[in-house]
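The following pair of complexes shares a single chain, chain A, combined with chain B in the former and chain C in the latter.
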Partner chain A sequence: MKLTVSQAQLAHGLGVVSRAVSPRSTLPVLNNILIATDEGRLRLSATNLELGITCWIGAQIEEEGSITIPARIFADLVSTLPGDKVSLALTVRTQSLNIRCGTSNFDIKGIDAQEFPPMPIPDLASGVELNVADFKDMIRQVGFAASADEARPVLQGVLMEINENQMSLAATDGFRIAVRNAELSNAIANPVKVIIPARSLGELARIATDGNETVTMVVPQDRGQAIFHMKDAELVTQLIEGNFPDYRAILPRTFKTRTIISTTEFLKACRQAEIIAREGNYVIRLKIQPQEGGPGAVEFTTQSEEMGSGEVVVDANIEGPELLIAFNVRFLSEVLEVIGTPNTILETNANNTPGMLSPVGDESYKHVIMPMHLG
Partner chain B sequence: MSRKILHVDLDAFFCAVEEKFDPSLKGKAFATGGSPEGRGVVTSCSYAARQHGIHSAMPMIQALRKYPELLVVRGHYKDYTDFSRQVMAIIRELTPLVEQISIDEAFLDVTDLPQEAVEIARDLQKKIYDTLGLPCSIGVASNKLMAKIATNIGKSRHTGSNYPMAILYIPPGTEKDFLAPLPINEMWGIGPKSAERFRALGIEKIGDILKYPLPWLQQHFGKFASDLLERAQGIDNRLVEEYEGVKSVSNEVTFFEDLGDRQLLLRTIRGISEKVGRRLRHKALSGKTVRVKIRWPNFETITRQITLPQPTDQDKVIYETASTLFLKEWKPGKKVRLIGVGVAQIGDDYQQLSLLDHSYEKEKNLLDALDALHERFGKDAIQKGIQSDNYRSWKDA
Partner chain C sequence: MAGMSWDLMGHDWAVEMLQQHLVSGSLRHAYLFSGPRGVGRRSLALRFAQAINCPQPTAPGIPCGECRVCHQIENMQHADLNILQSEREGDTLKVEQVRELQHMLSLAPYEGGYRIALLLRFEEANDSAQNALLKTLEEPNPRVILLATADDSENLLPTITSRCELLRLRPMALEALALELQSRRQLDPERAQLIAHIAAGRPGYALRLAEDESLMAARSAYLEDCLKLTGFSRLERLVFAESLVKSRERAEAKGELRVELTYWLSFWRDVLLTSLGEAAPLANLDYRREIQRLADLTGSRKAAQIVGALEHSFARLNNANLQVMLDNLLLQWPLIRD
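On to the complex of A and B.
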């Protein structure tokens, strides 16, 4: 293998793939990045067996070949190289990579590329085309509601369902559920129902560049994997097996009190309250007060034994009976950050049943939060 | 102005107390702790014993293999607690700014006292020795970190079979230079395991830490890195704070006869858990930490605890957590002398309700009903089937 690449592109490519490196793996080759020539481009790949990322960058290739190189060393080195052209050459006998740039000349020992786990090759014709910007938006609105609790793997994932041209993403940590629906431009033949690790989707959102680009999702039959293919990058993720909770049965259908409130004001109230609430239990109380013949108000209160207490009042359009309900303030802030419309609807029934937040004028997003019980 | 912080550490405390009751032990190589047959460990050992390579936390059987003439003295924990209290009382006469960190260690902030810090240390050491006959070592420095290290180094410079009674002063401004040549394991908070990690990275001495840039340290030690850099320079701004006695609700049972039966032990834990839960609910409190205390027949006592994702006041959660903690320590047949269950990190009762799992609400309704019945008709009016056997043959402590 012998080739020349731009330092900036190489550094960018390493940045893309290095999040899939498993730094503490017992399998040494997983600490490495695969570097291989691939049809006139240079391919960089990393995997931790759950998540694999590949990135292609332009290169002037003189001689084909491949090698794996310790990720940290390679990334650290490339980021400090002075010039704009980097020459890479493999010494097959010693399995070491010579890196030359300006007056710098390094030899790094690698591991044979044969030992690197093979990455699946997607059958792009069987894939579903998704608009990158829309899909990233969906991930942003749903992914954060997934659980971080390793004891419940199913909840660490995002449920993706596609039927004809209807697609939905849903995630829940047991305390809240985020659901986002979207319409695809083309209907697909075979329905899809998979649970994708939220972390993998987060990485996908990170590496997928905006613009009109599309990402093609391929779910090979019975492989327990999903592959997301883009022009310059590809992400493979293991799917989570198991039964996702039947969230549609949990979403409340009717509500007694309906509050329409400015999203920014709501978020501001939560952010202020959190300054006090974070010192205690993250509890924020909402006193929803309708007013006869006019707009009502929501009174947000918080208190912490050590820090003190606070109160913020925000005008709101309220229909239905008055209610005092407590939530985890972080749960509210997180959803308000992604609601995306000037006004938010908060729908509630009682202080021990779920409340629902959704954007005004947009049926595609729903977020249900269970309240906190105060003794 | 720099602060004046003292770290007081009683020398071989348990042994020193034993010597008071049995002066013939003076100068001899002896250790307190569990019997070698009962898999006991050395809880404290005399300086004469240390010269034979004995150290605390060593299994007693290993200690005896090292030095077969070692005298093993059964510990008298009540006496240790009594003396500890008296020592702390003497310390508190000096200043109210005392932070007791264990039965035989405390920090004092004496910045406001007019005398030189070393002089204060010398007087205090003398007073504790004259009043109670207990030797102690004191580290004197400008912060807690350095004071603690000063005590350790002061003690380690001492050789011989009598008590070190060391006083070591690290003047302000010399912290960094003092630390630089010390082996990495002398840093407070770095145990043998982490010391291995440091050595593997080429960090042998505390001063070596400063040779590395923060980003590199962050890569290896994460959030701990910036603390590490500060500590390696001897910087520590933590205050000497009176440790508020952990607010907790707990209960324990001492068995008349050491008990090794799994079912009976678990049933005892269930009983104590219910009592603790009832007391929490009665005060409308919840706690986030569940703790078990186990005393083995050799009087060695351990506590194990776990912090829950949410606070609880429910018997079931307390029992399930406590029994899991217990079973991690207990082997079938192993006898137990005392068992205790406690809930700490107490605060207001609040609960994030779940969308998927309604066991909290169900259990709450059940407990509310049971508590109401107990309130009206007394404790025996109703109880869970699993507890219906009479288990009052053990003393309820």
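On to the complex of A and C.
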């Protein structure tokens, strides 16, 4: 292997893929980044066997080849090189990579590229085209509701379902459920139902920059993987196996009280209340008060034994009976940050049944939260 | 016949059973290989893993041993082989490590075969780590197989053992092992005999001794210590104990002591057997004369006391102050003046 690349592009590429490097793995090769010539470009890949990221950068290739190089060392070194052309040359016999730039000349020992876990090659023709901006939005609205609890692996994932041209993402941690539906521009032949690790989707949102307009998703049959392909980058994620809870059965269908409230005011009230609530167990109480023949108000109260108490009143349009209900204030803030419309609908039944938040005038997003004890 | 095709020493019945499970499509979701250290628990588990995942088996249930997958599994470097073990032999396996494994086991297999968890020396897992694994043992994903090794199923929670297919591996007959060593490693009969005895019929241990000269040299040094100590005064013994422990990291000292005490124990067990006039085979054939002499001088009661004291120390390696423990042990050593 012998080639030259631009230092800036190489440094950028390493930054993209190194998020998938596994720093302490029993497999030494996973500490490394795969560097390979690939049809006129240089391919950089890293994987932790759950998440794999590949990035292609332009290169002038004199000789084909591949090698894996310790990620940290390579990235640290490249970041200190002058912004210039970098020459990479592999000595096959010693499996070491010579890196030359300006007056700097380094040799780094690598591991044979054959040792690197094989990365799948997607059949792009069978893929689904997704709009990057829309898909990132979906991930942002759903991903945070996934569980961080290692003991319940299925809940660490996001359920993705596609039927014809209907697509949905759903995540739950047992206390809340986020669901987002979307319509695809083209219908697909085979329905998709997979659980994707939330962390992988987070990384996808990070590397899918606005320069990419579409991302092609491929879910090969029975391979347990999903591949997201963009022009210069690709992300492969292992799927989580198991049964995702039937969240549709849990979503409440009817509500007694319907509150329409300004998203900004709602969020502001939560942020203020959280200052006190975080000292306790994040409880915020909502007193939903309808008024005959006029708009009502929601009174947000919070108290902590040691820190004191507070209340904020926000005007709201309320239909239905009065209710006092408590929620985890962070759960509310997290939804309100992604709801995306000026007004939010809060629908409730009783103080011991879940409440649902959704954007006004947008049926595609629903977020259900379990209430807390009023205490 | 079937046993030979996995190219292992001994355990033919176990190989046959595992092949049977594989070929008839009745793989269990969890297997427990129990037996003493060096008996070949891990080798058998790895060969089984190869048989399960080899993409080009030479015959049903027989891995080729040549392909990338077979090589990577052999070296414990395969993407779908998730290994769980304590950091060092003798350490504790903690619940966080089990959680990490569970996360990997929830993912689909990387290369599309089976995802195999290899849990080595699982007796080192503390109760909460074992309990954490229960859920996985009860309802693993369909393409997950757990292979655990342990010294004795009695040292695991009964809830773990009852959820695994248990294979108790026993040492080989000494003669059979000696013959295997002669044919596989071209050892001369006398040396093969000696190593088979030292290893007490455990093929894995015997192979390590046959392949690594330094292990045999270290053994001689440890046994020389053991003999030398019988001539030491109390003060000299305490100085000796200090030299083993002082100015070393505890983990390092513990690691070496574990090995040294193992050899001392095998030596004193020989002395005990000899003093009782038992015909049982000795572990240390090359020290036959010294063993006989000590047996005559100390008698079975004293020998039994030392064996007991050594076992007692062994059980306390993890928590005891090593120097106090050694002082205590060595003061019980018989004093023999020539």
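Basically, the second predicted complex is superposed on the first by the 371 of 375 C-alpha atoms of A that agree within 3 Å, B and C clash if a C-alpha of one lies under 4 Å from a C-alpha of the other, contacts with A are read in each partner's own complex, and residues count from 1 in each chain.
Keep in mind that, in the parts below, a residue touches a chain if its C-beta (ideal position, glycine included) is under 8 Å from a C-beta of that chain, and two chains touch if they have at least 3 such contacts.
All values reported here derive from a predicted model rather than from experimental measurement.
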item: Three-chain arrangement built on chain A, chain B and chain C clash or fit; value: clash
item: Chain B versus chain C as contact partner of A:27, first or second or both or neither; value: second
item: First (chain B), second (chain C), both or neither touched by A:371; value: first
item: Which of chain B and chain C A:227 touches, first, second, both or neither; value: neither
item: Touched partner set for A:16, first chain B, second chain C, both or neither; value: neither
item: Which superposed partner A:354 touches (first chain B, second chain C, both, neither); value: first
item: Touched partner set for A:261, first chain B, second chain C, both or neither; value: neither
item: Which superposed partner A:245 touches (first chain B, second chain C, both, neither); value: first
item: On chain A, positions contacted by chain B and by chain C; value: none
item: In the complex, chain C residues that touch chain A; value: 68, 76-77, 79, 83, 99-100, 102-112, 132, 135, 141-143
item: Of all residues in chain B, those that touch chain A in their complex; value: 219, 284, 286, 311, 313, 347-357, 360-361
item: In the complex with chain C, residue positions of chain A that touch it; value: 26-29, 49-50, 114-115, 117-118, 150-151, 153-154, 156, 197, 222-225, 238-242
item: Of chain A, residues touching chain B in the complex; value: 72, 172, 174-177, 245, 250, 280-281, 283, 305, 326, 328, 352, 354, 368, 370-375
